[in-house]
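These notes open a run of structures that come right after.
What follows is chain A paired twice: with chain B in the first complex and chain C in the second.
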Partner chain A sequence: MIQVRELSKFYGKKAVVEKVNVNIHRGKITSFIGPNGAGKSTLLSMVSRLIDADTGEVLVDDHLVNKMKSNEFSKRVSILKQSNFMNVRLTIRELVSFGRFPYSRGKLNAEDLRIIEQAMEYMDLMDMQNDYMDELSGGQRQRAFIAMVIAQDTDYILLDEPLNNLDMKHSVQIMKILRRLVDDLGKTVIIVLHDINFASVYSDRIVALKDGQVIKDGPTNDIINSDALKEIYDMDIPIKQMNNCRICVYFNS
Partner chain B sequence: MRNSTKLIILSVFAAVFCALYLFQGLNGSFDYALPRRGIKVIAMALTGVAIAYSTVIFQTITHNRILTPSIMGLDSLYLLLQTVVIFFLGSNHITIVNKHVNFILSVSTMVVFALILYRFLFKRGGQPIYFLLLVGIIVGTFFGSISTFLQVLIDPNEFMRVQDKMFASFNNVSGELVWWALGIVILTFIIGWKSFNDLDVLSLGRDTAINLGVSYDRVVKLMLVISAILISVSTALVGPITFFGLIVANLAYQFFKTYKHSILIAGASVMSIIALVGGQWVVERVFTFSTTLSVIINFVGGVYFIYLLLKESRSS
Partner chain C sequence: MKKRYLFIALLILSFLSLFVGVSSIKPLDLLDFKSEETEIFLISRVPRLVAILLAGAGMSIAGLIMQQLSRNKFVSPTTAGTLDATRLGILVSMLLFTNASTIEKMIVAFAFALAGTLLFMQILDRIKFKDAIFIPLVGLMFGNILSSITTFFAYKSNVIQNMSAWLQGDFSMIMKGRYELLYISIPVLIITYLYANRFTVAGMGEDFSRNLGLAYNRIVNIGLILVALVTTTVILTVGMIPFLGLIIPNIVSIFHGDHLKKTLPHTALLGAIFLLICDILGRVLIYPYEISISLMVGVIGSGIFLYLLFRRKAYA
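Now for the complex of A and B:
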């Protein structure tokens, strides 16, 4: 379990995240939703120690994050940000191999190679493993980065808007893979999402943020209803039941 | 061709140039010319390695392939120091005449300056690297302007001594300084060696590097200090020549096409030994000293820099 305690982040005097308390349950997909500027990405970055919190603490499996060695932490929690700038030209295989860095420090053994192959297999990248990253489409790139995170083999996988710039087909593909990671491999996935319907259809729990604070936290079905959404987004959003999915029809509200 | 094969071929070339420089036209003067040439070869190799090493690590931590560590303003500081000393104390003062004193003074001033700069910037938090570059440019220009101002006022004879310091030269490197410098460069390799793998990950960007368990701040600080030390040593040894690093680092990226810093640093180092020793050989034996190596390097480097700029702007 990841426990977030009284976590705050200030830019100047403005609190971007303010005294957030939230528990992330193991073996579930938890979505962070909320309007722009609610502090979702900042919260995720603080949990994954990409930025330092100003106050508060984060515990992963009862260990304080800032007391853990960076290398140990990277064997438990991985984070994938929305933009991944690279200074070097890498093949998919080389990128995925970097996922083993916390274990191998650059010297891959047979076990590492096996996990790398598995990760590429899982993301259906075996045919193009020697293609260069800068020659791939957005969806393929995203899959390669997720393969790297899978090779990192952490219990917790944090993703910051992984569906950005992807079309419907690739978005669905990525979400199905995340669902499989949770259902088949017992991973815990925490994901920042903008499209509320993806959150509704794929996640087990939803944490809603607004103005740097958690205003809703619960199982998906408790959050996806018109009253709660009104509170989160200040919009009247009708909800339709289709094939056991709750779909928010927000386009003309 | 495999990268290790490439590295071996380059090393053979470097060895050939060193041998050529050492033994060609020696005419049996083993006692007099050979040790003097030997010192020069070591000085050139040392400078080459220091510049290649510092430029590659600096470009990795700044995520920019057209920067050199000179942007931190260290060579401007070096020139300012020399100008100030000559201006106020005269060119016969011990700090100019005694090369040991001058070397220690220069290196320690530059390293202390860099440490203060880093300390100040990393305390601030946020994105210290970009701020560091900006401060470096401003401070460098500031030092340069003061130097120019003093050089205008200075006695013309003294100015000749300042001018000597303004261009890199391998012709009058002191033998003993070379051993000091060698020791320091070896030390930086011993300290930096373990972090070469971390540098590989750093080229994936800050966030990915942290995700993969690299202590980002620690590695960046360590590498900045190492590159400051290397630049200080090579500048104090032969003069400002950092532009050269841009050429060899980029040639190494193009030639080796790898992300592995152990190979990139070794490759860039060997390339710079070839360029410096081979270049100096051409300057001495072909142009018979009618020009200096640093002029050639600045010319070739300038052309290559424009080529890089055009290439980068086309690709983006």
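Now for the complex of A and C:
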């Protein structure tokens, strides 16, 4: 479990994240949702130690993250940010191999190689393992990054808007993969999402942020209803039930 | 581009380089240990060859590290102000200690090279608009500012003649006793190889590095120290060699990608080969005179650089 206690981050005098308390449960997909500037990404970055919190603390499996060695931490928690560093020419295989960096520091042993193969197989990348990342489509690239995170073999996987710039087909593909990671491999996934319907269909729990504070936190079904959404987004959003999914019809509200 | 072929090319070119020059030396002359030919060979030709190999490999590696750490293919000691900062450092050392020894010059110039590169990285951090072409332009401007400061103070203190010597890279002055500083490139190469994986990870950004538990800032600092070391020693012994650190890593990257552990040997070899070719051409073209290496590399290198720029559209 990840426990966030009284976590705050200020930029100048403005609090981007203010006294956030939230528990993230093991073996579930938890989505962070909320309007732009609500502090979702900042919160995720603090949990994953990419930025330092100004006050408060984060515990991963009862360990204070600030007290953990960065090497140890990177064996427990991985984070994938929306990024554009693909001016680096690496093959998929090379990228996935770097997932083992916290363990091997670059010297791969037989065990590492096995895990790398497995990760690529899991993400269906074996055929193109020697293709360069900068020559791939957005969806393939995202899959390669997720394969790297699988190779990193952390219990907790944090993703910051992984569906950005992906078309519908690839978005669904990525979300299904995340679902499998949780259901098959017992991982814990925390994900910042913009599309409320992906959050509704795929996540177990939802944490809603607004103006740097957590305003809703609970099982998906408790959050995906018109009253709660009104509070989060200031919009009247009707919910339609389809094939056991709750779909928010926000396009003309 | 196999390592084996590069290595064979390097051997052939090295052999050529040893026997090209004003006084003709044939391999057989060397059998006589006391002959004039042997003396020239040992005092001038061999040091020249070693200097070319070390400078070529060193500058290419320096460029590779900079491109990796700045995450921009067009950043190198030439386009990031490192060369200009080093020259400013040399000027300062000459003004501070009237008869500066090589080591004193080296230390001051190194400090300036490092500070200049760090400053450039700071500027990079603050630029929001990270266009691939825009960043080296900023670096060139930054370099020109440093360069004008150097020129100004050089004029004021009447050392402008002396300074322009550092501007033109030139191997004709290299002989025994004047190039040994370049051996610093060897430990730099070794350290770079040991840290290759870390540099590759750092090249994918701070967030990415932290995710993998890499001490990002420390690796960047180590990288910049290595760059400053190589640049300083090359400028102090040979002079400026533009473009080398820019084009060699780019060419290797096209064929072999950016995994440093894999590309480092290629980059070092190709850098040495390229510099050797330029040097041999420079010595042969207007024989018995010599075209300076910075001119040769400048002409050939800028041509290749332009090609790389146009090519970029095709694949990036």
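Rule of thumb we're sticking to: the second predicted complex is superposed on the first by the 250 of 253 C-alpha atoms of A that agree within 3 Å, B and C clash if a C-alpha of one lies under 4 Å from a C-alpha of the other, contacts with A are read in each partner's own complex, and residues count from 1 in each chain.
Basically, a residue touches a chain if its C-beta (ideal position, glycine included) is under 8 Å from a C-beta of that chain, and two chains touch if they have at least 3 such contacts.
In this text the structure is predicted, and so the values were computed from the model without any measurement.
Enquirer: Fit or clash for chain B plus chain C once both are placed on chain A?
Expert: They clash.
Enquirer: Quick one: classify A:Q140 as touching chain B (first), chain C (second), both or neither.
Expert: Neither partner.
Enquirer: Can A:T220 be said to touch chain B (first), chain C (second), both, or neither?
Expert: Neither: A:T220 stays clear of chain B and chain C.
Enquirer: Tell me which partner A:R89 touches in the superposition: chain B (first), chain C (second), both or neither.
Expert: both
Enquirer: Could you say whether A:Y132 touches chain B, chain C, both of them, or neither, answering first, second, both or neither?
Expert: The second partner, chain C, only.
Enquirer: Go through chain A and flag every residue that touches chain B in one model and chain C in the other.
Expert: Touching chain B and chain C on chain A: residues 48-50, 70-75, 78-81, 85, 87-90, 94, 98-99, 101-102, 105-106, 152.
Enquirer: Which residues of chain A touch chain B in the complex?
Expert: Per the touch definition, chain A meets chain B at residues 48-50, 52, 70-75, 78-81, 84-90, 94-95, 98-99, 101-102, 105-106, 152.
Enquirer: Where on chain C is chain A touching in the complex?
Expert: Against chain A, chain C makes touches at 68, 71-73, 132, 196-198, 200-201, 203-208, 210-215, 253, 257-259, 261, 315-316.
Enquirer: Would you pull the chain B residues touching chain A in the complex into a rising list?
Expert: 60, 63, 65, 125, 197, 200-201, 203-208, 210-215, 257, 259
Enquirer: Which residues, counting only chain A, touch chain C once they are in their complex?
Expert: My answer: residues 45, 48-50, 69-75, 78-81, 83, 85, 87-91, 94, 98-99, 101-102, 105-106, 132, 134-135, 152.
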